[in-house]
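Take a look at these structures.
In the two complexes below, chain A is the common chain; its partner is chain B in one and chain C in the other.
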Partner chain A sequence: MTTTTRPAPAPSRGGVRAVHLWIGVAVLAVGGYLSLGIGAATSVGIGDLFPPTQSEWHILATSRIPRLMAVLMAGASLSVAGLIMQRITANRFVSPSTSGTVEAAVLGILIATMFFNSTSLVVKMLIAIITAILGTMIFLQMLQRIQHREGIVVALVGLMYGGVLAAITTFVAYQRDMVQYLDIWTTGSFSGILEGRYEPLYTVLVVGVIGYLFADRFTVIGMGESFATNLGLNYKRLLYIGLIVVSVMAAVVVVVVGAIPFLGLIVPNVVTLLMGDNVKKVLPVTALAGAGFVLACDVAGRMITYPYEIPVATIAGVIGGVVFIWLILRSAKGAAV
Partner chain B sequence: MTTLISPSPTRSHTSPEEARRRRRIRVTLGILAILCAVGIAAYLVYDVRGSWEYAMDLRGRQVGSLVVVGAAVGASSLVFQTIAGSRILTPSVMGFDALYLLVQTIIVFFFGGTAFMLMGVGERFVINTVVLAVFGMLLFRWLFGRNSRNLLVLVLVGIVIGSLFGSLTSLASRVLSPNDFLTLQDVMFASFNTVDANLLWVAGIVCLIGLAALVPLLRYLDVVDLGFDNAVALGAPYHRVVTATLAVVTVLVAVSTALVGPMLFLGLIVANLARQILPTHRHTELVLGSVLVGVLCTVGGQFVVGHLMDNGTTLSVVVNLVGGIYFILLLMRTVKL
Partner chain C sequence: MTTRTTIRTLATSLTLTAALALTACGSDSEAGGDGAAADGETVSITDAQGRTVDVPVNPEVVVATDWSVIRTLSDLGIEVDAVPASNATLPEDMAQYDGGDIPTVGTLQEPDYEAINELEPDLIIIGSRSGNPEILAEMEKISPTVIDLSSRFEEPADQLPTIEERVVQLGSIFEKEAEAQELMDDLTAQVEEVNAQAAESGETALFVQVSGGTASAYGPGSRFGIVYDAFGYADTGAPVDEEGSHGQEISQEFFTEYNPGVLLVLDRAAAIGSDEAPALDVLNNDLVNTTDAASNDKIQLVDGFAWYIAGAAPSSIQQMIDDVKATL
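Moving on to the complex of A and B:
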């Protein structure tokens, strides 16, 4: 799928060196460490972390560490999913939250809860993954039929499509008196993350590695079917691999954490603006940046109304919305859209 | 859309074809008016059980607010499309009613809920509308000035503003004191199921004033529809008409949002339907038609949802579902947006 808008050429100052990555990892590690000291259980503060007593360790192991891991993995995977999607479609305004992927996953959870309520989280997740793949496939089909392929029209169609899926979900949920559940799935929050409730998230690590291995080929298939085929790539198969990687990441995060708006859109865009757009090099940075962004949002959410919490989706929605508007206006000013 | 200015009826050279067209418009408007009357009557008397007095009072208020909303949305969307020069733009799609809600939040946030509630419904409404008018004018001056040739940018920004507002409301709900937030919710979503009689009176009168203010603008809008260059060449005070129309649109949007909250696609469906069934470019007829279609959609829609489906869903979900699909089709089919 080619579009008239190519991603902006990489600024020459870009380029990722190993040193940058290590700095990123270090910053994230310090931030993560500090975040372990925040929580409603005031008996565990930053000072108690080294070394924790047995009761302090219990709080850390059952609540704080799972939460930190979930934050990092959710942020990293949604950002990477956005990056891969933007490469596959060669369009900067495509991401799981502007292509119906997230909404389709929510619909999947609703269906799973309605028909197989007693089953485990894993079954719900599988159903959500399937609906996410189907939903994203329909979006890609629509993209091919659309008259205008500019980034902004595509983003609009994607948002509307997500809106229609959300309306169907609400419609069904309303009939079954399940609107309150919907609220939980559509608002990303880490407050319910405890040991034993987040482990499925580790799937995204495996999928992320697959995404990394295929990173360069995703860029090539973004240049169009004939171009990719000429280079000897199996366009269809690669497209489906990308689709599955993205859908699994989005669906797993939605099932465990809930939806985090605009994350997959703004993080890859900002990283690409700063670092250039060599996917293989940018992908690890995107993962780190996404993890860092969600960590910052989560910490802010826990501090603003301490000891109460503001869900991460709310904070990310405000910041993400502002950044998204800035990106739109920026692209409108620069490129002839 | 090629536009032929039809000869005015006072000049008597009407061809038979033209006469037929005029009759068709009159008949269509007549049928719409009859359908509206039937719809309203049906809504009032269908399946009344128990006290008639109680039913009439409650249903009268409901139908009153539906009529006000339908008329306000129909008129404002149609003239907004004309001044924006696009068939896919409506005030809601541009985030105008999200803006109204944002203004409410800001007022409650800074002045507190108690001070806000002490004011009467009328005063509150006037303050809201004035603040919204100023805000809206500034925003649209800025946006139209910057991207006057790229309306899609405006649409996308509007939609993101809408979603951004959702996050801000959620943030406010957690930062504001519970009392202040309750106040805010009351003013934001006076659900039409239990419309306050005072608010309905104020809204109805303001809506009438807004519609009346539109009347002298209508014939200028016929010319504005031809685009800036043509309109100025024909001697129309383009900027004055656009500014005045925007002011009226702001007031009408405030009326409908205050009554039932945002309905993203209602105006889009209504205005486009009116343009499709009325073969004319005259705004006197188009606006009248759009008002009637609007009333028919709200009253008819709520009749189906409330009485026939036994409140199995909400009107806004149905509107989002139908409108979203319609909007995607418009985006995909239309060559010139």
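Moving on to the complex of A and C:
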């Protein structure tokens, strides 16, 4: 009887309802629980978690729980960063890894390692954040000078720009005999994550909250500068807030874990395909989906060559590559992009 | 002691045999003092690519692109005329190559062909990272005599014999075959001694490479399989990849599961000349600290140049022996 008073959700876009979030949380909880039961130390299995003995707890607290937290935060933050980036540029192929953000962060780590000779994560993080912001800012400037700002062109420009940054980084590293390090920074892996070695990642939670608070405004500025200004928004300021949120998230993950390819590109795309475009509504789902995707990749990486590991970046690269091609083919067929 | 004496006797007799053989070869043509290359005297070398090459004895201008070859020659008192650029600080016994007096010709992977060409070398020795048919073909355009003296081996048991063959071959080019053989015999005897002690200790060992916070394990059959095969440590029982030549990424939990009694650590960063995140800091954590290796105080950092860069030279093997001895 009351159904007529409620507008029916558009069937093709689905829309986000609370139940989706709860399903996501439940799936993630099960995945997280399974992940806690997997590791090289067989003394802690899935059956040992309730309750763990003291020695089992030692493994959990030192290795498994930090790893799970790192996986979830890295996955969620890179996906959210991708989502925000896609909105503020109004382009679905823009993400931290197709806009030079990740490459700029890697350049920052190289600079930090060269000039500060410091093993401190915090120093590296700060410099990587600064270079990531600068790198992304240059990309946005380029974007405003491009005639065809739609579709794959922007992503191609971003990839080329990222390639130039990576080339500079490689050249400098080559001069300093540090090329071997680039591999480590550009290959995301959780195998080294232990208690005490990942905590800076919690920064992304703070930044994520800021991103969520501004989510609606990101949706609006994606509709264009004049549109946003007409609605009384400060376009430039919002653009910079988005840029900082995205850069901080990407840089922190690159410093602590390494780069995870395609993540920021494919997760937000698949989520918005299913759930629609409203940033505030899809942001939590995107975060959950990204966390779940990386969790799945990490668990697979731990099981395929057990008790050895395959870096999460390798697994995500294989799956992500396939999804990326699917998205491109889909857009080439003329589907709404 | 009796076994050791036997080995010494054997070594001496081998040395004598080799010396005799060399004398026999040399007596075919009159030895002609310094710069004998002009005499046209040659030795026949079968190299790592299966080619048999007549190499002039005591060639004048020698370029080598592999640190194992260069260190072996250095051990025999021979200085080469050009070396690859070095990432790492070279060990003391090779200090002459560190100052820049001797020209550098490209890197390990990428020789600078033009620079090598300018030197007009009588002999080019490639090996290891530069030991492949493509680089060989390029080098043959530059010098009449090019050999690949990589120490490649199929079975772990072949590693030391292969290195010995190469070292003796290098010796024979510079009329130091007996000296080379003597060096290798001494090392072989030491390795057997270490092997007996390690086997007797009953400890398991794990060789790990640490690079920027990530650890990789190397088992029997890997490039560091010498730890198990020649030096006699038992492995930890961790499953070994069939391929095995590269290390495999592990988490720190791996150490608690396979609990090695001895941990040999290669700091790849230090080996390639960077001082970021020292390997032992990466391994100083609550998980590694519960292993037998930690409680026995047997976590040993190994020499990167000897193990990683120039593994097939007498001084490097001596360094490996010393590193392993430190854990006994």
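As a convention for this text, the second predicted complex is superposed on the first by the 320 of 337 C-alpha atoms of A that agree within 3 Å, B and C clash if a C-alpha of one lies under 4 Å from a C-alpha of the other, contacts with A are read in each partner's own complex, and residues count from 1 in each chain.
Note that in this section contacts are C-beta pairs under 8 Å (C-beta built on N, C-alpha and C of every residue); 3 or more make two chains touch, one makes a residue touch a chain.
Computed from a predicted model, the values in this text were never measured in an experiment.
S.K.: Would you mind checking whether chain B and chain C clash or fit side by side on chain A after the superposition?
M.R.: Clash: chain B and chain C overlap once superposed on chain A.
S.K.: Under the stated touch criterion, which partner chain does A:32 make contact with: chain B (first), chain C (second), both, or neither?
M.R.: A:32: touches no partner chain.
S.K.: Using the touch definition from the top, say if A:152 reaches chain B (first), chain C (second), both or neither.
M.R.: Touch partner of A:152: chain B, not chain C.
S.K.: Tell me which partner A:142 touches in the superposition: chain B (first), chain C (second), both or neither.
M.R.: first
S.K.: Check whether A:164 is in contact with chain B, with chain C, with both or with neither, and answer first, second, both or neither.
M.R.: first
S.K.: Compare chain B and chain C by how many residues of chain A each one touches, and report the one with more.
M.R.: The partner with more contacted residues on chain A is B.
S.K.: Which holds for A:58: it touches chain B only (first), chain C only (second), both, or neither?
M.R.: In the superposition, A:58 contacts chain C only.
S.K.: Please indicate which partner A:324 is in contact with in the superposed arrangement: first for chain B, second for chain C, both, or neither.
M.R.: first
S.K.: Applying the document's definition of touch, where does A:315 land relative to chain B and chain C: first, second, both, or neither?
M.R.: After superposition on chain A, A:315 lies in contact with chain B alone.
S.K.: Looking at 44-52, 242-250 or 314-322, which bit of chain B clashes with chain C?
M.R.: The superposed arrangement places chain B into chain C at 44-52.
S.K.: Per the definitions at the top, what is the overlap between the chain A residues touching chain B and those touching chain C?
M.R.: Shared contact residues on chain A: 305, 308, 310-311.
S.K.: Quick check on the complex: what are the chain B residues that touch chain A?
M.R.: So the residues of chain B in touch with chain A come to 146-147, 150, 152-153, 155-157, 159-161, 163-164, 166-168, 170-171, 174-175, 264, 312-314, 317-318, 320-321, 324-325, 327-328, 331-335, 337.
S.K.: Can you list the chain C residues touching chain A in their complex?
M.R.: My answer: residues 87, 211-215, 217, 238-239, 241, 248-254, 256-258, 268-269, 272-278, 281-282, 285-287, 290.
S.K.: Sort out for me which residues of chain A touch chain C in the complex.
M.R.: Residue positions touching the partner: 39-43, 58-59, 62-64, 67, 113, 117, 119, 177-178, 180-181, 184-185, 189, 191-192, 194-197, 302, 305, 307-311.
S.K.: Can you list the chain A residues touching chain B in their complex?
M.R.: 142, 145-148, 150, 152-153, 155-157, 159-161, 163-164, 166-168, 170-171, 174-175, 187, 261, 304-305, 308, 310-311, 313-318, 321-322, 324-325, 328-329, 332-333, 337
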